[in-house]
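Following are the structures in question.
In the two assemblies presented below, chain A is common to both, partnered first by chain B and then by chain C.
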Partner chain A sequence: MQHLKRSINSFTFLKRSKTWSYQRFCATSSESNEKIEIPNYIPRSPTSILRALSQTVGFDRTAAHFKYHDDPYLIPLSNIGKRSFALAQESGRKSAKWIRQQHSNLFQHKEADPPIEAFMPTKIYTAESEVNTSDLESLIEHSQVTDAILVYTLLKNKNIEIPSNLQLSFLELICYHNCEEPLDEDLIEERWFRQSERLKERPRKTWKDNDLAEQLYHEIEPKDSKAHSCIIRGMCKYYQAEKAWAIFQNCLSNNIQLDVHAFNSILNVVMLIKESAELRWQLILELLTHMKNQQISPNLGTMNACLNTISNMGVKNAKDYATSILTEFKKIGIEPSLSSWYYVLRTFCNNRGPVSHVLVDIMAEIEGKEFEIRDIKDTFFFVTAMDVCKNHLFDLNLAKRVDALLHHGENFNLIGDSFKESTYYRHYFSLLVQTEPIEVFMQEYYDQLVPHVYIPEPMVMEEILKGVEVSGQIEHIPLLWSHMICFDQIYRENLLNAIVRIMIQNKPDISIKSQEKLPEQFGAIAYDIWSKIEEKNELRSKPMIWSGKLLGDILKLLCRINDMEKATKIMDKLANDQQKILGEPDFTAMQDFVKLCILKKQPSKALQCLQYCSSIGFNETRDLAKLICHGFTLDENHMKKLAYFVGSDVIEEVEREKQTALSENLKQ
Partner chain B sequence: MLQVVKSIRIYPFTRRGVVNIRWYSDDETSDDERKKKAKNEVSKKNSDEALKRLNALLQNMSTTKSQPIDMVTAKNMRQRAIEDKEKAEKEATDLKSVTQKIAKKIGGDTQKTEAELLSVLLGTSEQKPKLNEIIGGLKVESERPVSISRAQMVKNALKQHEKPRRPRETAFSAKPRERTEKKGFVNFFDATPLNIFTQPATNVPDSLQTWSKLEEREIKLAVTHPPRNYFEKMILWTEQGKIWKFPIDNEQGMDVEKATDFTEHVMLEMHLEGWCPTRGPIRHFMELVCVGLGKNNFLSAQEKKDHIMWYKEYFESKKDVLEELLTLGDVVEEQKQIES
Partner chain C sequence: MNFLPIIQQNAPISMQIVRGFRSSAALSSVQSGRYKITPKRDRPLTYEMANPPHFIAHRKAWNSWNTSNLRGELRTAQCITEDMFIRKFMTGTWHSLVLSEVIIKRQFNHIRIAALIKQGISARKMYFLLGYTEEMLSYWLQCPVTLELQTVADPKDVIFKYI
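For the complex of A and B:
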């Protein structure tokens, strides 16, 4: 201990220097006289910390989606696989919920206090249940439409007075959902994979005429402006334009003040009320003037409704209308949302009209911004923009800009659903493959996005194959083939023909390093095609019909790797199932096969091939016979057969040739 | 009226050339009428103009090479080849006479035209690219010589057969057309406004509350996608109220308790006021109950109050018995005191 003390004392200079530096520190801090500013408290939501953590995870495009992580072996690799995996997972959750609901008496234990409502079974209502108005209130709160309707009728039957505001909110609920049960909030996958409304579908009337909503509307007495607005909104939402228009006009003539949403709804269905573009535009102006006169302040919905109607006009003036609407609303301080731009795109990039570069201008407006959803149709923008890039402008740079915008910040949330996402990528991919060099395309896009983000549809796959064919980069073929197997695309004849054609026409060059293994791989692919289709034909009731050309090409590829056994199988198929095969193979395939037979010393196979050729009636059969004669020393039996197939004069000719060759040799 | 040389077909093997002339008119006319007009036009021999136009078109039109599309099956291919051969032999005529015919048809300086055509054909009958260069924009439909191998023909036929299918018709699918709008043409906010609204827009809350709630819910669900990692999943569960909220608070959701003061939990004697006797066994008992409840942390203040009120009810219902017992007890006590 003493020893230690002494050793510390020996470092006195150290101590001094410490105190000195401390003093200096104090001096400097008093000199600068800095004010310490305590930042304001930032209120955080319960999810802020989770959001912060989630941002650290990042997004790996080459990894499977999080929902497929459970078992790497089961990671789905085709569109249909992804869909069924996710929906199966959700259906498990759904059935658990069903059991909880159906046998709620079995789950008496209380895990949580206060109880978690999301896990509780919902109350079951029957025709005999005792109900009161608070039941109806909570059902409206949770938007359970069917139960709410049941409870409402029970209350009616028991003559229980329903307060007018509750009656109104019940009317709102059934108008909003058209008396149908909405999809459960929990079913995220189902919503994601649901076939969304087609982009270009015409609005169709789906409003249930004379159903409870209308009855209730007529029962409400006295009707105030809210009830009128509500029924108008509901009818317009489900495109019952005529009735809505009648009620609307009635309200106008009776000087009943409607709200802005009712006006927006009517503006949205103007195209169903008036026929010609001119009349529609007149009506829009009229409605807007009415709003002005009634001192109703317009909102984003008003602008979008106008633009929507204009986008359906399909006349030249529509573009002027659209810009004047945008200018008007900009003037009063309403910024367009993504859905406004979606309508603008639809207005300008008309199928029949001239090419418009309006998307360039739109991108100049919105590039680099982060968007939040403000209108339900906001999710239509990106897919439409990419569609315009591909089909209307064919502009790669613009497509890349749109893609950059989509991946900026949280914008990807606005992609919509799986259908829109795959449509988006389909356009993007087919544009990329047609414009980018194939090696760039494969490296930067294909390898990155396929198969976890996007799986090319057969149509896009064909374009990719064409890109490979044009560039001659055949080293991608094995990868593409294995992907085609994964994506379940091998039974498509156009793809098979394309891939086989590429393999036939581009003979791999073994001297190039990247193509060293290709001949074997090509042979393997060819045999794969053969065995996969044969397998399928045995199982399925509707077999695929072989084309002679395809079989010939497969044979050719197998001959290139000198695989006698497999080549024989194909030849047998050709010879035995002649009636079931469409068209005939390439003659060069026959030649290759005979050459292989000569190499492997199989005269009988060569003769089988010859027999096949003569039955098909190739002009060059005689040449083939000559090739056989030169290649083999045939025994008598074989000679007979040969003579039978092509005539004995061939043999004589060959003999003559041989003799002359011999004599020439002798002369030399 | 616009006159366009639509295509010149040149059959290199047969050395036979045909010029297709198509007449376009401003008004909509049927094909037959168009043909008639074309004939009339030729008969007029409006030669100089025609020649000029031909030359102009040669310079202007874009080059596209297309071959007639034939659906060819392998079997009838061979037969077709034979037919073609016969046809070709039959029709084989001197190149010169053909060019003469063409020159006559076009009109104008026939000799010059003839010479030009001849030079083009003779120089390059086997080299198509060069021919294309010379003829410039005209569509050249060429048929391959019949002498090429049958395999080659099959291949070609299949190639044409396998022409890229046009992508499925979508909203905007259209052939690239002439660009009428320059880039940066549309100015969204500089058009003439409608001048209907003059006041800046104000945000008025929706009068229909349920409706606006439903709409908000739908909009929110439209951007709620399957979670991309575990944290997002937790966010989703938090929002659905299935897990603890961060930061963890083990009194989460006990809002009523948060609003009540601890004194209401501990000081329960006040609930005895008014009904409980100030002394005696009942008071004694109730005081013990209050102490016990004051230490209980599983019941809410309201439940504790209810518990005390239950005793109140109980004692009140048993009032008769109690009074009897209590007076009896008092008598016994008095007797004891006397005895002692």
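For the complex of A and C:
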């Protein structure tokens, strides 16, 4: 409903119609002499109307992402579900594509007019295919690397001459992709969920040495500056710094003009060329001077490359270097992108170093702006900024500002991938739960974002439980427990122990309205824990080992709701599987159970408990026996058993106590 | 028994001229879209099946939504064969999972396919089939295809009555 209201408000013509009146209409019609000013033409793209429409609808946090099917059975409720559902759908897509490619002769019909290439199978090339240069051209255009390489070799074998500009664009293609087939452009889920981005953090040489790219580079004669720049950029992209540096130096000494991108790439791998921070800085300066001498104007990429190298130095001076680079580039009017700020954060906010408030200054600079992607590392900014807020500054207000910026305009597109998104929210949530009051946290953040936007990892869940424990707001426990089941976190012992501990230590107060139903709910949760784990243990090859403490606590919670049947099950488990259980339960749990037995008049169960206690060797077993004697009128058989477990002197003692109590009563 | 020769012999000539028009109950009975009652009354029908065709637009709606049947519109025949293909493809791909008729709606160049699906396979497998069906059909029909499925926990839920 809110959306609808918002969308109606955003149609300005409707707003205007409210103030429309007959008088005004007459007034305007009488002034017909007024010159009509035709507004300037606003250039629109084919998708502008779609954008305008989508702006009228806000983001619905209570619904699953629209890539999932809108059906309760098909909506994912855990992180694994989110991942596997989206990828399963895409794998279905991929198999359809595979079938189309395998039987491409069947898919040659033309329904659409003009034909849509995306629906057609791609042309299949083999070693026998008849090829010409236009094939290569179209393959390069569609960046089909493997096929392009095949066609190129075929053309070479047939001695068909390839024009030099085509050769150059082919070189560009294979340098850019390192002679490997790139991931298809329409596989968005695979991009979103894959983890290789994280690995790329640490530069590792992946350039294919002496492969086609290098051969082709050596073959091209005469080489112009583009070919040199191209191979340097390719090598730097895949961290083959040594060779790139050699070619680069060669070009410099031969006075070959390189383009700005080649310089940027070399600046990016300075840390692989020189060892110490001092030498690296020297090299950066040297390269920038070369650019100046060759009259190459630097761009955003130059600044980001410099900042990247500086952020990897890890020395004190790095901060000064970064500041000087920033001021220098500001002077020539280059506006930093988010990735520049990401590098700045990495330089300034080292966890081992002193606390730096540079993020506050950055936020002052960029707050309220909308960003588009300008550098590939732009997507690293938000996750790093949140990391700094949580781990470096521990500043809630700043974190909220960062979050506001992320949700401003279309900035959310820059969150990156699923890994970055969940890291971002992990930091945000654990900061919130530690600083905000728990009721505010639950209402304003947890209820809003969980589970469709973010599903807390076990670590964060533990922090939330800790928050609940500290505040004593136990009415959130049932919700958290049901979420833990959904998120598949109930087999983590630390979480189980935490939730049980909270339930034991905070006995619900029935007089408070919000806690009225809690005792029953707690009992249900306790039994849920028991049955879920037992169920799972039967299936799993490596069962979870029960701890005596946990079982005792579950027993205690069940005793609180006077559920004899369920409590008996737990007691049976304790008594029968003694050797499989780690540690021993709390003695108070045993007391509670015996009291429950007395209430329900079940002497044999109470005796079973006594037997268990004596075999464990609790010091207080005698007290328990006394409790039983007082609570029940035991028959001959039971008496014998009791005497067997704790010795007949206890019975005599109790008898004596009873006698004295009786005589005292008589006296009165 | 064939009475026709006897009637022809005995009938006057004027009656022989109007020959060709028959209005007996047996001939005017219509069968398509109707289901026979079984002796044991145990044939399950969905709501859709329980309503014969003359209730279309009264109690139930069309299974194919498009404009190609209107006067002067294009692709009448293609549309029908495509719809048949889509239905075969759906019931074959979602094998023994489709519990209802397959509804096909066309808007511009976009085809939306709706059906009720039994929760007989895991959600993950369903997503695989979803992606596969959408992609495969859009390759075949060369236009965007969207599946709009609803899952049903118990197949008995869709049964409207037994006849």
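As a working rule, the second predicted complex is superposed on the first by the 625 of 668 C-alpha atoms of A that agree within 3 Å, B and C clash if a C-alpha of one lies under 4 Å from a C-alpha of the other, contacts with A are read in each partner's own complex, and residues count from 1 in each chain.
Definition applied: a contact is a pair of C-beta atoms (placed from the backbone, for glycine too) under 8 Å apart; a residue touches a chain by one contact, two chains touch by 3 or more.
Just so it is clear, the structure is predicted and the values come from calculations on it, not from any experiment.
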Partner chain(s) touched by A:F107 [first = chain B, second = chain C, both, neither]: second
First (chain B), second (chain C), both or neither touched by A:L50: first
Chain A: partner with more touched residues, chain B or chain C: B
Touched partner set for A:K331, first chain B, second chain C, both or neither: first
First (chain B), second (chain C), both or neither touched by A:S84: second
Touching partner for A:F119 - first (chain B), second (chain C), both, neither: both
Chain B versus chain C as contact partner of A:G92, first or second or both or neither: second
Which of chain B and chain C A:L74 touches, first, second, both or neither: second
Touching both chain B and chain C, residues of chain A: 86, 116, 119
Chain A - residues contacting chain C, complex: 69, 71-74, 76, 81, 84-86, 88-93, 95-97, 99-100, 107, 110-112, 115-116, 119
Touching residues on chain B, where the partner in the complex is chain A: 73-75, 78, 150-151, 154, 158, 162, 164-165, 167-168, 170-174, 176-204, 206-211, 214-215, 217-236, 238-242, 245-247, 253-254
Chain B contact footprint on chain A (complex, rising order): 46-51, 53-54, 57, 59, 65-67, 86, 114, 116-119, 140, 143, 168-169, 172-173, 175-177, 185-186, 188-189, 191-192, 199-200, 225-226, 229-230, 233, 259-261, 285, 288-289, 291-292, 297-299, 319-320, 323-334, 336, 344, 346, 348-349, 351-352, 354-358, 360-361, 364-365, 373-376, 378-379, 384, 387-388, 391-392, 394, 413-416, 430, 459, 462-463, 466, 494, 497-498, 501, 548-549, 583-584, 586-588, 617, 619
Interfacial residue positions of chain C with respect to chain A in the complex: 109, 119, 123-136, 138-143, 147, 149-151, 153
